[in-house]
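Have a look at the structure below, then the notes.
The first chain written gets the first letter, and so on, giving A, B, C and D; residue counts start at 1 in each chain.
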Amino acid sequence: MDAILGQVHEVVAWAFALANEYDVSSLIEAGVFFLFAGLALLFACGVIFLRNVVHSALSLTATFICVACLYLSIGADFMGAVQILVYGGAVAVLIVMAIMLTRRDDMAHSNPSRGLLQHVAAAVVAGLFLLGMAAVAVLSPFQSAPLPLGDAAPGLADLMLTHYVLPFEVAAVLLLIAMIGAIVLAKGADER
Amino acid sequence: MMNIMEFMQLATHVGLHHFLLFSAILFAIGLFGLLTKKGLIPILMCVELMLNAVNINLVAFNHYMPVPDYSGQLMAIFSVAVAASEIAVGVALAFRIYRDYGTVNVDELKEMKG
Amino acid sequence: MGFPLLSTVLCAPLVAALGLCFVPKDDRETIRRVAAAATIFMLCLVLYAFFHFDTAVGGVQFAEKFPWVADLGVSYSVGVDGISMPLLLLVGVIGVSAVYTSWNTEKRPREFFILLLLLIAGVTGTFIAQDLFLFLLSYELFVIPVFIMVLVWGSTKRLPKEFVAMKFIVFLLMGSAFMLVGVVMLYVTAYPAGERTFDFAALRMAEEMGRFSDSFQIFTFPLLLLGFGSLLSMFPFHSWSPDGHAAAPTAVSMIHAGILKKLGAYGLIRVGVLLLPVGAKYWSPLIVTTAVMGVLYAAYIVMAQKDLKYIIGYSSVSHMGYILLGIMTLNATSISGAVANMVAHGMMTALFFSQIGYIYERTHLRSIPELRGLAHYMPHLTIGFMLAGMTSLGLPGLIEFLPEFTIFVGTFGVYPVQALVAIFVIVFTALYVLRLLATLLFGPKDEKFADVPDERGASMVPLLVLGAFIVGFGLFPGFLMNVINCGIEPLAPIFEQIANAPTLMGGVR
Amino acid sequence: MFDFALYHAWLIPLLPALAFLVIGLGTRQDKKTSAIIGIAAIGASFLLSLGVVGAVLSHRIVMAEPFVMQTVWARIGGMELGMGALIDPLTAMMLVVVTTVALMVNVYSVGYMEHDPGMGRFFAFLSLFAASMLGLVISVNFLQMYIFWEGVGLCSYLLIGFYYYKISAREAAKKAFITTRIGDFGMLLGILLIQITFGTVDFIQLKALVPDFIWVSGTSFMTVIGLLLFIGPIGKSGQFPLHVWLPDAMEGPTPVSALIHAATMVVAGVYLIGRAYFIFSELPIVLNVITWLGGFTAFFAATIAVTQRPFKRILAYSTISQLGYMMLALGVGSLTASMFHLMTHAFFKALMFLCAGAVIEAMHEEADIFKMGGLRHRMPVTFKCMTIGVLAIAGLPPFAGFFSKDAILAAAAEVSFPLYILASVTAFLTAFYMSRLLFVAFFGEVQDDCPAQETNAFMRWPLVVLAVLSVVSGAWGHFVGFGDWVYYGVHEEEAINWTIAGSSIVLSLLAMWLAYQIYVEKRWSSFQIARRLGVLYDLSFHAYYVDEVYAFVRELTVDKIGRLAVWIDNHIVDGIVHGLGRLAKGVGVVLALPQCGDTQRYVAVFYTGVIAMVAYSLFYAIKVLSVTGGAF
């Protein structure tokens, strides 16, 4: 009993020591990160493993929003907004529309997966890939040394309209083309 | 054993590595889905996941590395634009395929067989 | 520089082909008249050049040259010397004959004649080019019209024509792939960067200056040989040729056997032997032996053939063996004979094919047991076949005798055994030609040919034109031989120089 | 006049050549004009030839110093090839013989061919033949000779196959051409060797060069050349074993047989050896070969002729036999005797062939002599001419054959006794089978359905002229001095050796008596004799089965191997090509296997690649890190 108490004491003491050592803001930061990262991963798994494709789509949207929160948490407020607008809004709507247009009878099993072998193979590939990328991420001696930057929106606007004006225009054209292409594809070029 | 303290210290100091690992896991999940899903729409969704993972990297690098401007985020925005076009065309294609073939299951679409 | 004669010759068919694009496609009369006019114009110019070729001066005449791609050392440089002049004449003669042989083409005549004219322009360009690049360009160009013409206007006998067209193009392109490697090696080796040129004379000079080491020559020559040899239908790379003849429309067969194969031989002399004499010498025993094997082998195959086009196809493989033999013996006599034989065999085989084409067009029969006793109804056709057959078996007084004799004279002293076999094949040639003529022309009447008209009018033109040259050059070989002599005699020092060069067999030959 | 002929000797072949062109291109359809042009051309050549003879006599052009004029025909690859005319007594004699026989045959053909629609063509070919033959005769070098040699071969081919609708004629023509081509192959080799060795093929130059060459390097190489050259005459002059075409050549119109296959073309081989005698006379081995081959051929052909039934076939074998005689004479070194026999033989053999033509036409194309009989009543002129011919060939004085044959026998006897015996036996056989021909066809009873009538004047007069020549040419040649003009080396005076002549006359008479007893008196049944002889008769009747052997050999070495070559080409050579094609296709199929069409599998493969790249870069990074101690 004493031993147990002693251990509890020890842990409590450790926790206090920990609390003393860390500043609270970094702890909050960690909390926020782990919360949204965990949620994002959870929803991402939901995208894959939910049986109903509509649920999957919802789960995907949730993932997007979690990622947007992560963006916000590191001060990328414009990116976060874009993420919510484009992914959480437009893409989600598109996907839901696509689900509607390619609707099938049994919605409960509308998100089928392939066989076990395929799963094993995919797990191996994805696992190895994850292992590799994780190793790269862990082994890379990156130093977190952020420079103080101004507001994101004006900074981005400056870059976009000065140094990166050509890619910006190209991106615009690309979007236009994609739109036309999507219309043509969906409408059918031969049915004019 | 690695000191738990040290580990916790590392883990609770959110930095670039956290984001890189997170995006790697997200990407791996997307990849896993890409390889296992049958339906065309879920596959598209998985692709979106993977794209997101990439964007996270870009933004995180922009935040944590000593860079003088927001070009990393800008890259992410371009990437979003490309992803948007991709999803638009992808959805249109899926719709088209559904109309022409009556299915969106990729294992039934083997026109490319050599 | 005076009147650009050779450029005019080259342009005549091109301009006519261009003009034909604007002729209504059903107006067959105009189409074929335009084609005929272009080729006749060409023949006249070529004849003018042939008879104004100054044999006393020699060298490259009627030359025109201006830079084209200066950075690479490519220039538009045309001209004829004693080797290419007779071959250019051959092109002119066969061009006219080919147009008149296809006089009654019914299927898409406009496209047919356009392609035919392009083909003629391509081979003309090859013979008059004095620049290796221009030569290669024209050399690769003719493959395309031939391919299309076999595909569209060909006929399917033993093998489907699509298959044959593929076989043809794959063979030729494989060959020229090797050749291109060789040519690029030549180009790169001849001069240092910046001074590089494709000019034949300059490359020849590089050889004289010793830029091509012996081992380089020995390595590069087989590459060129593969390219030119497969076009020349060198045994054992010949099997595309008879099939090609059999499937191709007649005009293409004529040009193919009459000119394209000569092009291979011409390239072998111009690029292979003249630029790489030591390499040629090194490989010559092997090539001479295979050439003679080819001569005998093809002659044997002819014995067992029934289809007229296969007979003439294999017979031309056999005859090309003589030409290869003459070239690879590498002395002035044998090469003169080979060049003369190119002209002779070209005209002979074109005449043969035009006659076959005539009878095939009228009866849609082509194999011997089905065609028989034609002499009863078709005396002109009979004369054509007899003339071609007699030329083929080397009857003196016709064009092919003296060239063959010259080849034998040149070869016999160097490779007696091979020459012996080659000469013995004249008996075989006689055997198969006479068998062919006997069954085809003579023997009892066959009523089914009673209402097949004899050649007259336009369909007589090939016989008259080719016949005139076959007999004319046969009786008065001086006209032909003088031109060839003035092309070959200046080369004699080269052959003397390599007379003692090592060969495959080692030692001094 | 004579000078004109001499300096325009090149016109002699050219005139018939022009006639060929004119008839061939213009008047082919018009029988009468064609005939007139043909006869006019050959007639002019005949007159020119007489002029040449006159010139030779008046200028005393002798064998050692011929009259030559030539021009360069072609110059190629360092060779200079001439064409021209070489006139010496031998040429002059040949010119006259050829033009005479040709003229007679031309005239005869007017009658013979009058109902044939191809008469224009016939005269064109005859003219072409005359041109080639005369060109051959006046050759100044081997190449010119070879060219015209092939030319006469072509004409022979065309004329044997004149009745092209007959399969037998077609096949015979083909056979003639190919068989002689085999001979030409050898000859061409010989000429090539001469060109390579001496750098020239000119007779006059070679005449000076050859003895020196033999002096320096011995006879062995020249023997090879000589033997090769001799292969040509073997083919052309129907010597064993290339004689097989000559009997078949009788499928041609009879005037052709008379002109080409009896009097002129077939003696070209003999003439070639005579012309090149300066080479052959130096080579004892070659001369021996010529002698014995000639002697054997003479005997061999005579034994075949004894049993043949068709009229012209007998004459054909007789021609082979007589050509063997001429060869024999050349071999034993007597150019004079050979050429003398050549001349007389030309006349009497042409005569007999023309008679045969008359008879066969009169019999409506019936050629078997045993279906004839008693023709002497129906065709008296032809009968008389034929008799003269038979007597001439049998060698009875004062007919032409007596003198020439006697000269040969005498020359043979000087060299070798067995040879003399062989020649005499041949002479005996010749007399026998010719008498048999005469007796069977012309004696006996006229058969009931025999349609024979005397022929028309065009056909009759040439017979008469040739008959006269067959009578007088021998005696004239002998007494005027043929040997004074045509000889090689030192001219020797020859007188008739009456021992040899007498025995030969006796033998001939005996043979004729025997034939008379068998075929006219029927003392012995010919069938009984045939049955007694058994195998020998069979062999002779089937010409020793040489044709069958050749057919077998040809089937074996040409057709079988030909089919084998086709198989090889289609299956092995082409097989390799197609195999390569199939290999490429197969590789494609194998490489296409991963292309299952499953997009996700492609993705998996793609990411496997990515993983590999990541792994590699990691591996590399770790290596760098370990080296640098943890810093990039």
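Going forward, contacts are C-beta pairs under 8 Å (C-beta built on N, C-alpha and C of every residue); 3 or more make two chains touch, one makes a residue touch a chain.
For clarity, every value in this text was computed on a predicted model and none was experimentally measured.
Taking the mean Cα position of each chain as its centre, A sits at the greatest distance from subunit C. One finds 7 Å separating the Cα centroids of subunit A and subunit B.
In terms of their C-alpha centroids, the spacing between subunit A and subunit C amounts to 72 Å.
Per-chain Cα centroids separate subunit A from subunit D by 103 Å.
Computed centre separation for the pair subunit B/subunit D is 96 angstrom, with centres defined by C-alpha atoms.
Shown for subunit B are the residues that touch two or more other chains, namely 31, 34-36, 107. In subunit C, no residue reaches two or more other chains under the touch definition.
Each of the following residues of subunit D touches two or more other chains: 600, 604, 607.
Contacting chain pairs (ordered by label): A-B, A-D, B-D, C-D. If you check the complex, the residues on subunit B that touch subunit A are 5, 8-9, 11-22, 24-42, 44-46, 48-49, 52, 55-56, 59-60, 62-71, 73-74, 76-78, 80-89, 91-96, 98-99, 104-105, 107. Remark: subunit C residues 167, 170-171, 236, 238-240, 297, 300-305, 331-337, 340, 373, 375-376, 390, 393, 395-397, 401-402, 405-406, 408-410, 412-413, 419-420, 423-424, 426-428, 430-431, 434-435, 438, 441-445, 477-478, 481-482, 484-485, 488 touch subunit D in the complex. Looking at the complex, you find that subunit A touches subunit D at residues 114, 118, 121-122, 125, 128-129, 132-133, 135-136, 139, 141.
Residues 600, 604, 607-608, 610-611, 614-615, 617-618, 621-622, 625, 630-632 of subunit D are the ones touching subunit A in the complex.
Residues 592-600, 603-604, 607 of subunit D are the ones touching subunit B in the complex.
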